[in-house]
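Per-chain residue numbering starts at 1, and chain names A, B, C and D are given in the order in which the chains are listed.
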């Protein structure tokens, strides 16, 4: 039974100088940061975070791998990924056949990544970015043609890619993503 | 030609005009803009962020406040139907004007040619004028006819009663030490700045000015978590800007008073003859000192939260008021010993 | 303390009151009649179960009843803290009325209001039975009853994508 | 002469409060919220007599989503992303007990590695949520630096969570029988750095916020909940523990790896707002300890898929390949419309704000028959009604902030 409740007391605060010390401590800390701010602000979009490959961003379909099983649509919790019917020609036999293809509606997608994880052939993959602006809602409802290619990431053209690394002194430190230098 | 320039200069530097319009209105506007910017920047530094940035990053976002001002100026002023129209509009304007009025009666130089009023009782007149403007904040709250405004106005009233006595007492301790109500004599008497001789009175004055101008930790009337924006809840546009600016202008007026009383006024400079050395330079020194004092005031925002109303009052009466009395006593002692 | 021990304690406390015991995973519940509920609850409170964790109502539409269970546990008695015991009753779906347990467990107050708006169960003598979360229009539909059906969309989409 | 709370005298309930005269009429009714800079999506209707609150009526439901009903129409696993939207900054904590309830119905136990991974994320979330609470608390009492600092430092924890799960907030991390992703290679190092950073940083928090005389004065003796009343009102989490109740769901019914890691449950007895802030503060320290231990354990033990064999043993080779390469656990397609055996289960977990309880009933279909959620904020909302009266108007934000009330979680 390693976990145990421990009754603690609030730190006592008595005497004439307790309040004085508290004030001095608070002001000292304030001034310390006034002199050395240790900022972590990201100046977006002049800078943008280059996310790790494992990040669950926008989802892209590789149609060659897709076996039209509709597992992704079945598991989608937001009903963003749904199947559409398409008449397609079979390359071998030349027969026309009805096939189901997934399409995604980014008005709804919550980026949970279930579809990627459930896909039996890894036909879906995520790209590590998701801050893309659309001019209207209709554009966010992707058809199959849009779904098969990674979306354009405009921020990457405008800004400097940065990365946050966990640091012992400052918490997070912003570094340039490519060189790995501290800014 | 020279005559015309002299005429213009003499009009500009006619003390009531110079102090009310140039130092009072324009100067305080510039200082307030700078101080609000500084406050935002300093708070941002302590809070590990950038503060105003995107308007002119090279100037560290300084024009941001000008942009804000323009926005306030052009925003629609909405007057609620249930509000008391005349008072609603008048109150912030009168409050703003009154908050800079003390500047018009204090000396900014020792040259008698450039005193706006006879100086014999100037400290009393200045202090009396500082007490007028807060009433109009209560009026603003009442005229808004909104529950939050009224609560805020009532809080303001509580706070006034607490700080006024302290402010007057602690600032007057200087005249007790020098045995005069003449601000010029008080300034001239400070071979050593009065802050060093009587730090207790200065601290009391500092705290009371914070209370008077809703600075942290006494930002109680506008405490946004319960009463939205206190007396200013219903205000918008320029009137809101005036309301918010009034507190800073008042702080500026108080700061000038404190500079004269505690921080040696225009010392180390000795005003000479003529407009330039007799009036402009000493007044600029006073304004600069006041700005530095205001910068120190604005640091409290990043360190303290706000007191509860009753705690602020309790602190004011139990701690700061005795402090002011003590400072006054110290001043009398110094006068008796002839330190100053 | 495990559920078996808790069962013994509760059965002791409820002696004389007829109760149906049902075990679930992680809890145990005692279903008594509507008339006995207040008495049973007060006895449980005396036995040390001092707060209501969850007031759970399940609509068994097929059987025409609501099952209302107060899941209680203890804060002050640390032995009992590890178990969750339910004390509940069943009321018919039409005209659901039952006595309130607010006077036994104050902590049930808001949850009873919630049940009132979602299921329309009327707690008699509740001090403040008003809507808590819903607007009157929605509450009238009694959203958590099984008659209220939320349809999920089918996985096959008939409208073409717009983008 | 005492404060009345809905027809009952507050003193009869054993609650302390400032004594005021009883007023029948002439009360000033102030609606605080919902469109209000302080309260968020929640309205508190208070009646004040002078500056004293005589009645407070929490009016919730502005962000209500009827999750319990929505859950009945969705397959089991789809409810995880739904439920974590109760408290997105605390996503793993609020969903892990739902998953545990499912596992109880399925009668499976996740492998130890999954347990540790979940525990790790739970504690990361707990710190993030506590910091969030601290930030809101700070802004409530006008301390904007605390607000900015805790939100900045929360970013560290969010960053860790992002590296662990691939999402900043809504991780959807636990799944029945396991967890979705293993830690990346460089994770332990980053986590240890973050832990060391926080240890140092908490001292600064103490100095500028908790021990700041202004803050302390503001919090001390405000919203006192005596132990007996706390039990009576059924408050949870830090609110209960600040009143001396030694209850923590991690302690009462250890889930995941909590019976193996070593930590303390800080309990304070004062019961006021300051004690509640200190409970959270001490809990952050304990969470740091748990993170260290979990990371150590995960590093020591071999990487294997953190999911129950039932969902892994029969999986195709691609599954293993993906796990080797990316540490990602792929789901079997059957997960989407998995049918649970009929049964009923209850599970509780300790979120940052307190204990969350799920009652799950399955009738053998692929969707739940009934899911009942009782979230911590919903149970703490009662504090407004019974504790706030008797205190001053300016104490209301203090009480609100100190119980760390989170409207989306209470409304569900």
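For the reader, a short list of remarks on this structure follows.
Here, contacts are C-beta pairs under 8 Å (C-beta built on N, C-alpha and C of every residue); 3 or more make two chains touch, one makes a residue touch a chain.
Computed from a prediction, not measured in an experiment: that's the story for all the values here.
Of all chains, B has its CA centroid at the greatest distance from the CA centroid of chain A.
Interface comparison, A-C against A-B: more C-beta pairs in contact at A-C. Computed from the mean C-alpha positions, the centre of chain A lies at a distance of 39 Å from the centre of chain C. Separating the CA-averaged centres of chain A and chain B is a span of 48 Å.
We define each chain's centre as the mean of its Cα atoms; on that basis chain B and chain C are separated by 61 Å. With centres set at the average Cα position, the gap from chain B to chain D is 45 Å. In chain C, the residues that touch at least two other chains are 152.
Listed for chain A are residues 26, 29-30, 40, 74, 76, each touching two or more other chains.
Residue positions 74, 145, 152, 208, 212, 246, 251 of chain D are each in touch with at least two other chains. Arrangement of the chains shown, judged by which pairs touch: an irregular graph that fits none of the line, ring, star or complete shapes.
For chain B in complex with chain D, the residues that touch the partner chain are 43, 46-49, 147-148, 151, 216-217, 219-220, 223-228, 301-311. Touching chain B in their complex are the following residues of chain D: 28, 30, 32, 36-39, 51, 138-149, 152, 208, 212, 214-215, 217-218, 392-397. Partner chain A is touched in their complex by these residues of chain B: 42, 44-50, 53, 299, 302-304.
By the touch criterion given at the top, residues 70, 73-74, 76, 79, 82-85, 100, 103, 105, 134, 138-144, 146 of chain A touch chain C in their complex. Put simply, chain A touches chain D in their complex at residues 1-11, 13, 19, 22-23, 25-26, 28-30, 40, 51-52, 54-56, 69, 71, 74-78, 110-114, 117-122, 126, 164-172.
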